[in-house]
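Okay, handing you the structure first.
Per-chain residue numbering starts at 1, and chain names A, B and C are given in the order in which the chains are listed.
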Amino acid sequence: MSESRYDPNEKSLFDAPPLAEQERMVEAILFASAEPVSLREMADRMPHGSDAAEALAYLRRRYEGRGVHLVQVGDAWAFRTAPDLGFLMQKDVVELRKLSRAAIETLAIIAYHQPVTRAEIEEIRGVAVSRGTIDQLLEMEWVRLGRRRMTPGRPVTFIVTPTFLDHFGLESARDLPGLKELRAAGLLDNRPMPGAEEEEGDMVGQSELFEEE
Amino acid sequence: MSESRYDPNEKSLFDAPPLAEQERMVEAILFASAEPVSLREMADRMPHGSDAAEALAYLRRRYEGRGVHLVQVGDAWAFRTAPDLGFLMQKDVVELRKLSRAAIETLAIIAYHQPVTRAEIEEIRGVAVSRGTIDQLLEMEWVRLGRRRMTPGRPVTFIVTPTFLDHFGLESARDLPGLKELRAAGLLDNRPMPGAEEEEGDMVGQSELFEEE
Amino acid sequence: MAEETSLFESTSVSERLAAEALIVDVDGFEGPLDLLLTLSRMQKVDLRRISVLALAEQYLRFVEEAKALRIELAADYLVMAAWLAFLKSRLLLPPEPGEEGPSAEDLAAHLAFQLERLAAMREAAASLMARDQLGRNFFARGLEEQVEKVRSVRYSASLLELIQAYARIRTRDEFRPYAFDRKDIFTMEEALERIRGMIGFAGDWTALTHYMPEGWGREPARRRSATAATFAASLELAKQGQIEIRQSETFAPITIRARTTPRVPAPRES
C-alpha cells in the first residue's frame, strides 16, 4: 500500500502516476466529496502531471450500467444512484390509522342507504359532510359514485364497492345487520335515558291504550 | 433499462432479479449510505427473493484494488476510500476531537478486554477512571454498555461499538492489532491480586484508594 | 510515552535529570502504577525480568526525595510506598514458618504482571491510534442519499365499528342529553283547553284518543307527549267533576264524556 502512496508535497519530483492510478484517485475524490467536484478541483488535488479529464473518462466508462453513475452537474461531477434503482432509496412505511368518526359514519350511511346522495347523508348524520371525508372513502376505494338521482339537480349518489365488502367480509351490503338485530345482539351500547326502555315494551302497550287514529 | 426496472410493489409477482442486477442494487444502496448497511437491511430494500450476501460477494471482488473498497464492519458493509488515497481527501478531513491519554487508554482497555467493568479498567490503569472519560467515549459512540456482570453488585460492562470498528477500519473486535499475542502472553487475563478473596470487592477498594487524576 | 522512556535510557546524567523531572512532574503521573512503570523502564530490562525489589527501592527513594523537597504526595502514592516497603521486607526476609497469605514472590510477580499489562495496553492504544482512521485516512461517502420514507397510510375499520357508527347515528335522539324541547311538548294546559273545547260537542262516551291534537300522532316523541298530556288533562277534568272516565277492562280503550251535572262548579263558571 505504501508504494502507491503519493505525497502531494513531492509531486514535482515524480512523474504523474499511471492512468489506472489516476482513475482510482478520481474515484476516491468523487466518492468522498459531499458536493460535485469540478475537473479543475480534481486536478488540484491530484499529483502533478495527472490528467483528471482522461481519468474521469475512463472512470465514467467503468461505471456505465452499474448501480451508480457518474453524472455531470454543471461543470462538476458526482456519483449518483442509477435512475432505475431509485426505488431502493425509498422505504415503504405503512402506517395503520383508524378511520375518523366522520368517515366511518359517512361510510356506514352509504353502506346502509346506498345509493345515497350527499344531501341525504347530511340529513341522516345531522351535520354537513366534508368534501375530504368522501374523497378519502373514494380514494380508499370503499365507496364509488353510483347513478345520478333523477331528481332536480340530478345529484350523484354513492355506493359501496366490492373492496369495501371484501374488507368487511360481507357478501353484499344487504348482509349488514339491522338496528333491531344490533340491539338484540347487545351491540348498541344503549345507555338509555330514563324510561327509554319503555319505548318498545311499555310504550307499545301504552299506545294500545289509545286507539290508533 | 426499462426491462431491468423492478417495482417493489410487484415483488411477489416476479422471480428475484438476475444476480448482476442484484449486485447493482447492493452497489447503489451502499453508495448512498455513509453508514455501514447490514445485509438484513439490504435484503429488506431489495426485491423479494434477492440474495444480498451473494451479490455483495461479487461486488466486493469488483471493487478490489479500486479507489473505493467494500469493507465489513461488524455485520454490516460500507464503501470506504482506499486508505492509500487518504492524502487526496485532506480537504475532507474532519477534525477529530482530541482524546486525552486517559481516554485513549480506557478505549484500548475496553476494546481489548471487553466486556470489561469500570473496576477492571481502573485495576489495569491503576487509577480511577473519571466519569467524563467514559462519558466522552459513550458520546462518540465508540463504546456502549454491555451486559451486566453476574458478580456481586452486578456491575455494568463496557464494549466497543460498530462505530468504533468503522472508525478504525476493523471488521470485528477480533481484528484488533496484536490481540492474539496479548492473549497468548496472558496479558488479557483477569488475574486477581494473590490473596484477594473477592475479586470485585478488592478492585473497588483499590480504585477508591487512588484519586482521580 | 516514547519520549518519556528515552529520557531514562541514556547516560547517568540524564538519568539524574530525569529523576528530578520525575519529582517535579509528579502530578504528571497517572498514579503510582504509572510512576512505577516509568521507574521500571530505568532498569532497561524486559518487564518480565524486572527486579521488583530494585523497583520497590527506587520507588521508596523517590518518595523520600519528594518528601525532602516537601512535595506533597497524594495519599495513593504513600499507600503504594507503604505496600512496597512491606513487600521489600518480605522479599528480603526468609518467610516465617506457618505464615498465612500469599508469598512475597507471588505479590512481586503480580506487581510485575500489572506493570507489564499496563505497558501492553499503552502499546495497544498507540497501535490503535496509529491505524488508518475514518475521516482521516479513509473516507465515507460524502454525498449521502437519504432513504426516503414513503409513508402510506392504511386506514382500518372493523365491521363492528361500522355497525356501531350507524347505530349511533340512528339512535342519536335516544342519547341526546335531556333538553326541554318546546316544539315536541304538548302541555297539559293545551290538552285541558282542547278537551274542554271539544267535550261539549261530543255527546256520549268518546275514546280519549279522539281528543289527541292533530298532527301529533306520527312522531313517537310527539305522540307520547300528546298522549300523556291528554290523559293527565282528562284526569284533571274528572277530578274537577267536569267529565266522567270509563275503561271496560285493563288496556281497553279509555272513553270520556261530559258530566251533565257538575258536582263542583267549573272554575270558569265560578
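FYI, a residue touches a chain if its C-beta (ideal position, glycine included) is under 8 Å from a C-beta of that chain, and two chains touch if they have at least 3 such contacts.
Everything quoted here is computed from the prediction, not taken from an experiment.
**Q** Name the chain whose C-alpha centroid is farthest from the C-alpha centroid of chain A.
**A** For chain A, the chain whose C-alpha mean is farthest off is B.
**Q** Determine the chain that sits nearest the middle of the structure, using the mean of its CA atoms as its centre.
**A** C
**Q** How many Å are there between the centre of chain B and the centre of chain C, using C-alpha atoms for each centre?
**A** So the centre of chain B lies 30 Å away from the centre of chain C.
**Q** As a quick test, compute the distance in whole Å between the mean CA positions of chain A and chain C.
**A** About 31 Å, centre to centre.
**Q** Provide the C-alpha centroid distance between chain A and chain B, rounded to the nearest whole angstrom.
**A** Comparing mean C-alpha positions, chain B is 36 Å from chain A.
**Q** List, in ascending order, every residue of chain B touching at least 2 other chains.
**A** In chain B, residues 31-32, 45, 79, 81-83, 89, 92 touch at least two other chains, as defined above.
**Q** Indicate the residues of chain C shared as contacts by at least two other chains.
**A** Residues 139-142, 145, 147 of chain C each touch two or more of the other chains.
**Q** Along chain C, where are the residues that touch chain A in the complex?
**A** Touch list, chain C to chain A: 139-143, 145-172, 174-175, 178, 207-209, 212, 217, 220, 223-224, 227, 251, 253-254.
**Q** Would you mind writing out the residues of chain A in touch with chain C in their complex?
**A** So the residues of chain A in touch with chain C come to 28, 31-35, 78-79, 81, 89-99, 101, 103-105, 107-109, 111-112, 124-126, 136, 140, 167-170, 176-177, 179, 182-183, 187-193, 196, 199, 203, 205-213.
**Q** Looking at the complex, which residues from chain A come into contact with chain B?
**A** These residues of chain A touch chain B: 1-2, 4-8, 23-29, 31-34, 45-46, 65-68, 79, 81-85, 87-92.
**Q** Hey, which residues of chain C end up touching chain B in the complex?
**A** Against chain B, chain C makes touches at 30-34, 74-76, 79, 101-103, 106-107, 109-110, 113-114, 116-118, 120-125, 127-129, 131-142, 144-145, 147.
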